[in-house]
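The following pair of complexes shares a single chain, chain A, combined with chain B in the former and chain C in the latter.
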Partner chain A sequence: MIKKVFIVFVSILVIVWFLTPVVLIVLASLTPSEDYYNQNRILPRKLTLDHLYKLFVVLNGWRATLNSLQVAGMAIGLSFLTGLPAGYVLTRYVFPGKNAIRLSILLTRSFPTLIIAVPLIMIYLKLGISDTLFSVALAHTSFILPFVVLITTSILSGISVEYEEAGMIFGLSRFGAFMRITLPLALPGLAASAIFAFIMSWNEVFISSILTFVNRTLPAQILNTAMTSPDYFKFAAGTIMAIPAMTFIFFTRKYLMSMWGISLK
Partner chain B sequence: MARVKIENLKKYFGNVKALNGIDIEIKDGKFVVLLGPSGCGKTTLLRCISGLEKVTDGKIFFDSVEVTNLSPRNRNVSMVFQSYAVWPHMKVYENIAYPMRIKGYDKDKIKEKVVWAADTLNISELLNRYPAQLSGGQRQRVAVARAIVLEPAVLLMDEPLSNLDALLRVSMRSELKKLQERIGTTTIYVTHDQVEAMTMGDEIAVMHNGVIQQFGTPEDIYHRPANIFVAGFIGSPQMNFLEVEVIRKDNVLFLRNEDLSIKLPKDLAEKIENDDNKKLILGIRPEDIHKEKDKESTEFEAIEGKVYFTERLGSDTIVHLDFKGIRIVSKLPGDVKIKEGENLKMYMDLGKVHLFSTVDGKALI
Partner chain C sequence: MILLPTIVYLIAFLGYPLIQTFILAFTSESGTFGNFQRLMDTGDFWKALKNTILITGIIVPLQLVLAIALALFVNMRFKGYSLILYIISIPLALSDVSAALMSYNIFAPTGYLNKILLKLGVLDRPLYFFGYMFQNREFWVIVLTEVWRATPLVFVIILAGLQSINKEYLEAADVFGFSNWQKLRKIILPLLKPSIMSALLIRTLFAFQIFGVVWLLAGRDILILAGEAYYWHNNVNDPHMSSAYAIVIASVSLAISWFYISILRSKELEGGQK
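Moving on, here comes the complex of A and B:
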């Protein structure tokens, strides 16, 4: 009995701990400015979508959102196009230096973004792709890719090579066996890691702010506009940032589990 | 259906010589078992035949067509995997139909064939299920159905029974064998289980260290082992081995060591005539050592020792005899009355003795 009460108590504590900021942010983003600055008031008398509307429409938030979606899409596409074959090779083949490659993939994450950002701008200027969404997507790919390689390695190693070999025996080429046997089996896990990659790109603010001026992604745009605006705009920005990520995670929780190999069956 | 011919096949993994010169010819329609301990190369050989493994050197022919460098899908082979490898994202029907779909068969033909294969393996009522809903034995039937449905030139099986429980394994043994006889497909079957090999194979290839030690019928392998490895690997309990020396005395050949002096029967003596003063290894199977002299045969050698240990298996009793420090194992009837610790005189049937060279282990008789 005491144990049960304790568990319930702790659960509530954890939920409150995580949800309070979220609730406060969303609430503040919906509070009219006169209520927000009224110190005698905690809860607003009425709710308004005004801040969200202004931020999203007037301050070009929708364009930044579209930019963010495009960047994330490109980054995911690029990192899977290169990361999936890399993961496949690391799982299915034995070759000299394999472990070294596995480890050094992680090493790329140990460079602070700050160090890469400035040389990156120089390179982009030379290539003539500075201030484009593609350039941001490339930069995002650089930190999503190692993650994708490692995750696909773990997902693919959870799928018996014999399924693929059976496919090859019964009439498929190696590529065909991968596409028609292994890929469908890996899909839940891959979808999960794609979502994770999406969130990594969606939340990335530093590189995006440095690399773009006109074509800003959502976090960069918010940093530029909302952060110099009244508080309730900042909260509105937070809400806009959080909602897509939370929606994604809500619908894909069980896939996120399979990404770590917990339930591949 | 096809004849399989392999010439001087080699497969190296780095410095490891998994296959070191395999020559074998498997006749059309035969059930051939590749038998050997773990790491002997039997699975590698099977994978080379399937095309899943690229060979380092040598040639493989199906009938007169060389397939050495063909990819698996162009060889017209099929395979039953140790893990069955039944595709988990397809229903049983799809699993069996998929090879034909890849090859572009029309729908009616596919259906007819799937129904036939499912019927043959008694899995007709499972066609609408996913593999996850099947037991191990059922999954295996699906794997076999998928393998026979295309009527392959060669059917390959990689320890297909090793994941089943003991009882099911015994019944599947006869079922697979009967199935192969019925469809008549040349079959190559890998196992480390000698009982499986003896009961299922028309012929057995015993492998060790990447080389085929002996290729022959189960009778040949058992009664006329080509070398000391085959003699020791086949048969349970293992054959007894004794080091002896060939001595000629008054024109009669004796096999001798410190504890034994066996006068060789004439027919045996003729075969090792020129091996005077050579060291040999004498091998005799446990069932050829008796408690009483067999009346029909006359050539016996008595050994006497203390019973060290007995294993009562019901139908048989395995007696471990301490013969002057050497452990001799004998297989006697189950109802034999022997106590541990007692002194026992036993008789080796000299007509059943095997002799092996100490140099290369090859059988002399």
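Moving on, here comes the complex of A and C:
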């Protein structure tokens, strides 16, 4: 009985502590400005989509959002295109230098990625792609790719080689066996890691704001304009940033532990 | 052959820029160490270093204690614990930018905290948390925001460690009549040590790169290393100084990693000699 009361009590405490800031920012983004600036009014009299609409449509928030989506999409595409085959090779083959390669990929994760931002601008200027979304995607790939290699290694090593071998006995090529047997089996895990990769890119702010001026991603745009705009736009911006990330993580909650385990190693 | 794209990519987009950062940081009009000399001469650098260390030193232990408590709680596996698990992990999905805006929403002059305190009659005029005059309060708001935002990260690592502890040890402890506190001290915490160490390592590294929360909530009222790297680049247009700051962050990170890993190593060796 005492244990039950304790559990309920702590659960409520945990829920309040972790959810209050999220609920309040959504509420604030829906509060009409006259209610927000009225010190006597804690709860708004009515809710409005005005701020979200203005930020999104009138102030071109949709462009920054679109930019963020494009950057994340390109970074995920690039990372999986190069990282998935690498992960496959690392699980299925034995070759000299394999451990050294794994270790050096691991090492890149403990390096502060902000250190590469400044020289990248000069490299991009030379290549003629400075201030483009593609250039940000390239930079994001540099920290998403190691994550993808490590996560696919662990997902693929959980799928027995024997299925593939059986497929090859029945006449599939190695590539065919991978595409038709291993890939479908690995798909849920890979989808979850793609979502994690998305969140990594969607949330990244330092590199994006250094690399872009005109074509800013959403967090970069917010970082550079938020503090000079009225409060209710700040909260609308915070809400726009938070909702997709929270929704996505809801669908991958089953994989949460293993993902973070690996993304942090 | 299939590995080649990955390796080439990492060399081109991590290795090469890294070298460039070093070159930038070590070239200046006044010799190899000119930028670092200039950096040390400004009070800003020492303030930024002090603040970054201070923030790290406060939040990391706090997060660890909170995360262990939360992990022990969730690991009781009561009905509905998976919902609690999801709720705790929400901040993991949030960026530092949105976390900063969330706490601004609470602590702003017309934010919820002030409104509620005014309504309750605790205050008769709003309490200001932001601005150069209120650096102390700003600092604690930042600490609170970071604790809120990043405790779940530590929590997930600790919980994973807890779940891998063999139940039989705890059953054996029950047989010997250990109290819950004894179980925690003598069995759970020692077995959790690797998880705790890796959580500490990761959090310390990330805390040293703290940027978004401070930049949004305090701007340059509270100087921090990553913020200075950003400021020198975007506001002063001096990539050399910016790179020098980046090098400082990277070398401290390296030192931190080395410190933790060497502690882990020596512990392992002790274990081996027994």
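One rule holds in what follows: the second predicted complex is superposed on the first by the 251 of 265 C-alpha atoms of A that agree within 3 Å, B and C clash if a C-alpha of one lies under 4 Å from a C-alpha of the other, contacts with A are read in each partner's own complex, and residues count from 1 in each chain.
Here is the rule we use: contacts are C-beta pairs under 8 Å (C-beta built on N, C-alpha and C of every residue); 3 or more make two chains touch, one makes a residue touch a chain.
The model shown is predicted, which means the values in this text are computed figures rather than measured ones.
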Three-chain arrangement built on chain A, chain B and chain C clash or fit: fit
First, second, both or neither for A:Ala86, with chain B first and chain C second: second
For chain A as apex, the angle formed with chain B and chain C - C-alpha centres, to the nearest 10 degrees: 100
Touching partner for A:Ala191 - first (chain B), second (chain C), both, neither: neither
First (chain B), second (chain C), both or neither touched by A:Met122: second
Chain B versus chain C as contact partner of A:Phe170, first or second or both or neither: first
Chain C versus chain B, contacts on chain A by residue: C
Which superposed partner A:Glu162 touches (first chain B, second chain C, both, neither): first
Which of chain B and chain C A:Val205 touches, first, second, both or neither: second
Contacts of A:Ile181 with chain B and chain C, given as first, second, both or neither: first
After fitting on chain A: smallest Cα gap, chain B-chain C, Å: 18
Contacts on chain A seen with chain B and repeated with chain C across the two complexes: 265
Of chain A, residues touching chain B in the complex: 160, 162-163, 165-173, 181, 184-185, 265
Interfacial residue positions of chain B with respect to chain A in the complex: 50-52, 71-73, 77-79, 81-83, 85, 87-89, 98-99, 102-103, 132, 146, 150
Chain A-facing residues of chain C, complex: 2-3, 5-7, 9-10, 13-14, 16-18, 20-21, 24, 70, 73, 76, 78, 80, 82, 84-99, 101-106, 108, 110, 112, 114-116, 118-119, 126, 148, 152-153, 156-157, 159-160, 198, 202, 205, 208-209, 211-212, 215-216, 219, 226, 229-230, 233-234, 239, 242-243, 246-247, 249-250, 253, 257
Residues on chain A engaged by chain C in the complex (per definition of touch): 7, 10-11, 14-15, 17-22, 24-25, 28, 36-37, 39-42, 81-83, 85-86, 88-90, 101, 104-105, 108, 110-112, 114-123, 138-139, 141-142, 145-146, 149, 199, 202-206, 209-210, 219, 222-223, 226-227, 231, 234-235, 237-238, 241-242, 245-246, 248-250, 253, 256-257, 260-261, 264-265
